[in-house]
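What follows is a short report on a single structure.
Labels A, B, C and D are assigned to the chains in the order they are written; within every chain, residues are numbered from 1.
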Amino acid sequence: MDAIALNCSLKSAGGSTQVLLDEVADALRSHDVGTTSVRVVDLDIKPGVASDEGDGDAWPDLRRQILDADIVVLGTPIWLGQPSSVVKRVLERMDAFLGETDDQGRMISYDKVALVAVVGNEDGAHHVSAELYQALNDVGFTLPASAVTYWVGEAMQGIDYKDKHPRPEKTQSATEGAVRNAVHLARLLNAQGYPAG
Amino acid sequence: MDAIALNCSLKSAGGSTQVLLDEVADALRSHDVGTTSVRVVDLDIKPGVASDEGDGDAWPDLRRQILDADIVVLGTPIWLGQPSSVVKRVLERMDAFLGETDDQGRMISYDKVALVAVVGNEDGAHHVSAELYQALNDVGFTLPASAVTYWVGEAMQGIDYKDKHPRPEKTQSATEGAVRNAVHLARLLNAQGYPAG
Amino acid sequence: MDAIALNCSLKSAGGSTQVLLDEVADALRSHDVGTTSVRVVDLDIKPGVASDEGDGDAWPDLRRQILDADIVVLGTPIWLGQPSSVVKRVLERMDAFLGETDDQGRMISYDKVALVAVVGNEDGAHHVSAELYQALNDVGFTLPASAVTYWVGEAMQGIDYKDKHPRPEKTQSATEGAVRNAVHLARLLNAQGYPAG
Amino acid sequence: MDAIALNCSLKSAGGSTQVLLDEVADALRSHDVGTTSVRVVDLDIKPGVASDEGDGDAWPDLRRQILDADIVVLGTPIWLGQPSSVVKRVLERMDAFLGETDDQGRMISYDKVALVAVVGNEDGAHHVSAELYQALNDVGFTLPASAVTYWVGEAMQGIDYKDKHPRPEKTQSATEGAVRNAVHLARLLNAQGYPAG
């Protein structure tokens, strides 16, 4: 089994989103699941809702990697209490899954499990997970119990997750639980996928 | 396998939410899953976040029925583009699941699958499903691919789902798909539940 | 000018929502605006979307107090990252404003300014304000710049706002700013209300 | 008084968002307010949360136009029930307003009024307005009563707003009301802005 982790930070390097995604990847590895990590902001993902938006569009390649994975982890920072524009772009491009079917006539993304990883200086992780859950579920992903890991600081403070020492135990525990459930569910769906309609 | 459908309408009788939930129950029956339907507004579910809020609280009984079911269907109307106060009350009471464990030390609601059914005169189904997905997932439910069925009318119009004839085909198809996926996933989790931490 | 503060806590007494609302009322008083505080959970606000849901319904009285005020403050705790069922009930009942006009043919709630006060152990204030802003704005309220004051703790921690000592400065500053803007805007709209259509 | 309308469509030309924004601009003109219309997807708005993200960033120019306007209209399509990635990018860039003050020490965006225009084949306008209201209000904008105009079709249908003939009356009426309120409020705030802290 393989996972892909999409870092949907606004930054080209470093950052708290990557720190949390690395912790998710470590947890996946402890279940023998390898993770490819992609920093989406560095790719030229064109605006649109087709599977290929033409010349120079980096989505077709990323789409292929997503469809090849068993577990998809969306990692996003919080800005103004909401998901990043980068993760929104990814979800918009996944909209095309709604019109694409596999050889059994099912939505092309079926049998894949999604996880969400959210970090912010403060406030917004539950809402970000709500937005991502709904969009991911609409385009065919299955959500295991407790499908999010997150960290946010106290209201209107400015601490970053990457600078928190020692590492927040509650977040570590959420990461382990989310990954454990995702791996279990992905194995079940791998062995016995959703029936055709 | 058994399902429970919670009608979280503001009304004590009739209504479009029940019509859609009846269609969900029919679809479940076609998969040999029986459904108990409960109209929550008729019960005295006390405000609070404990599993028993004392004298006259109807939640402990409803909670037991929910924990006995394999599939939980939350049905809600849309008001002002948002979930009803009744379904919010139900979710608040489920908050207590976060602190309750089964004999394996897992959250007491694990291995259950949730579906969402949403109706409104207009606009709001995606957001309502986002709110419900996140709250349900936080308290331990698993969400199958395409976990919502819904109907809404054109912007600022006043038609009710119950008065739509012939029945909207897209909604019927969504109902069948959501139920098919939920039953499949509930069977998988019934046979092989999430591992303990 | 007068304000009304609706405490939409799930609890009948005490709590952090009241502490924050008291701070809002203090700030309003410093601008010579008196505030009536109401604990909504103690009232029998019937489910429904009419202005009077019949026998024993406490809404008609509360509705009158809301319509008599110049500034309406909605105070709510966060549960599962979302607004309380109690504040949702209030908003549902305000839905009737959409069909009620004053003697100039304008929505009956026009020229009133709304503020939002949100408290939780962790995470959710931005989303709660989004839900409340949209519902309040739909039913005719005007939102001054920076219309929310809030406090939440670090992710997955259990501290209450009422137990925070010293008082969080950022929240105090947000309270003062929100109140200052609300009073200014209410005075402008009091002197010169929205034109009729 | 001047308005700026930001078309946050994913498309470079045509589309229903522009049709609705043109109707908003017509309504503004009837109140003697001129509107500059900008298609954001055609500009190179860099990812980030600073007021200038460096070489080639189109935001500093757009930011100046926004700060020069009295009324800002955000127009967005709905994808998966949510705001577009393009409007999210704009809001992220406005995040910098939180740290910028005018010569009175107030947030630099104060005294400006915002409106929201939303179109989609189906479902999502209320939620999109909630997300935009909260983000806009956080960064200093004032929201007049009934600050949104929108159109969406029946659930899971594929009609576009631009192809609706005759023009939907309810949407036209919402456009006129939102604009009337915005112009009134902008004039009040123009004459008498928020006091300094």
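Going forward, a residue touches a chain if its C-beta (ideal position, glycine included) is under 8 Å from a C-beta of that chain, and two chains touch if they have at least 3 such contacts.
Here the structure is a predicted model, which is why all the values come from computation and not from measurement.
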item	value
Remotest chain, chain C as reference, centres from CA atoms	A
Which of B-C and A-B has more C-beta pairs touching across its chains	A-B
Copies chain D and chain C - interface residue numbers shared by over half, same or different	same
Chain centre separation (chain A, chain C; CA means) in Å	35
Chain A and chain B, separation of their C-alpha mean positions in angstrom	25
Centroid spacing, where centroids are CA-atom means, of chain B and chain C in whole angstrom	29
Junction residues of chain C, two or more chains touched	80-82, 126-127, 130-131, 134, 138
Chain D to chain A touching residues, read off their complex	10-11, 41, 47-49, 79-86, 88-89, 91-92, 95, 131, 134-135, 138-139
In the complex, chain C residues that touch chain A	80-82, 122-127, 130, 150-157, 168, 170-171, 174
Complex interface listing, chain D residues touching chain C	107, 109-111, 126-127, 129-131, 133-134, 137-138, 140-148, 176-177, 180-181, 184-185, 188-189, 192, 194-195, 197
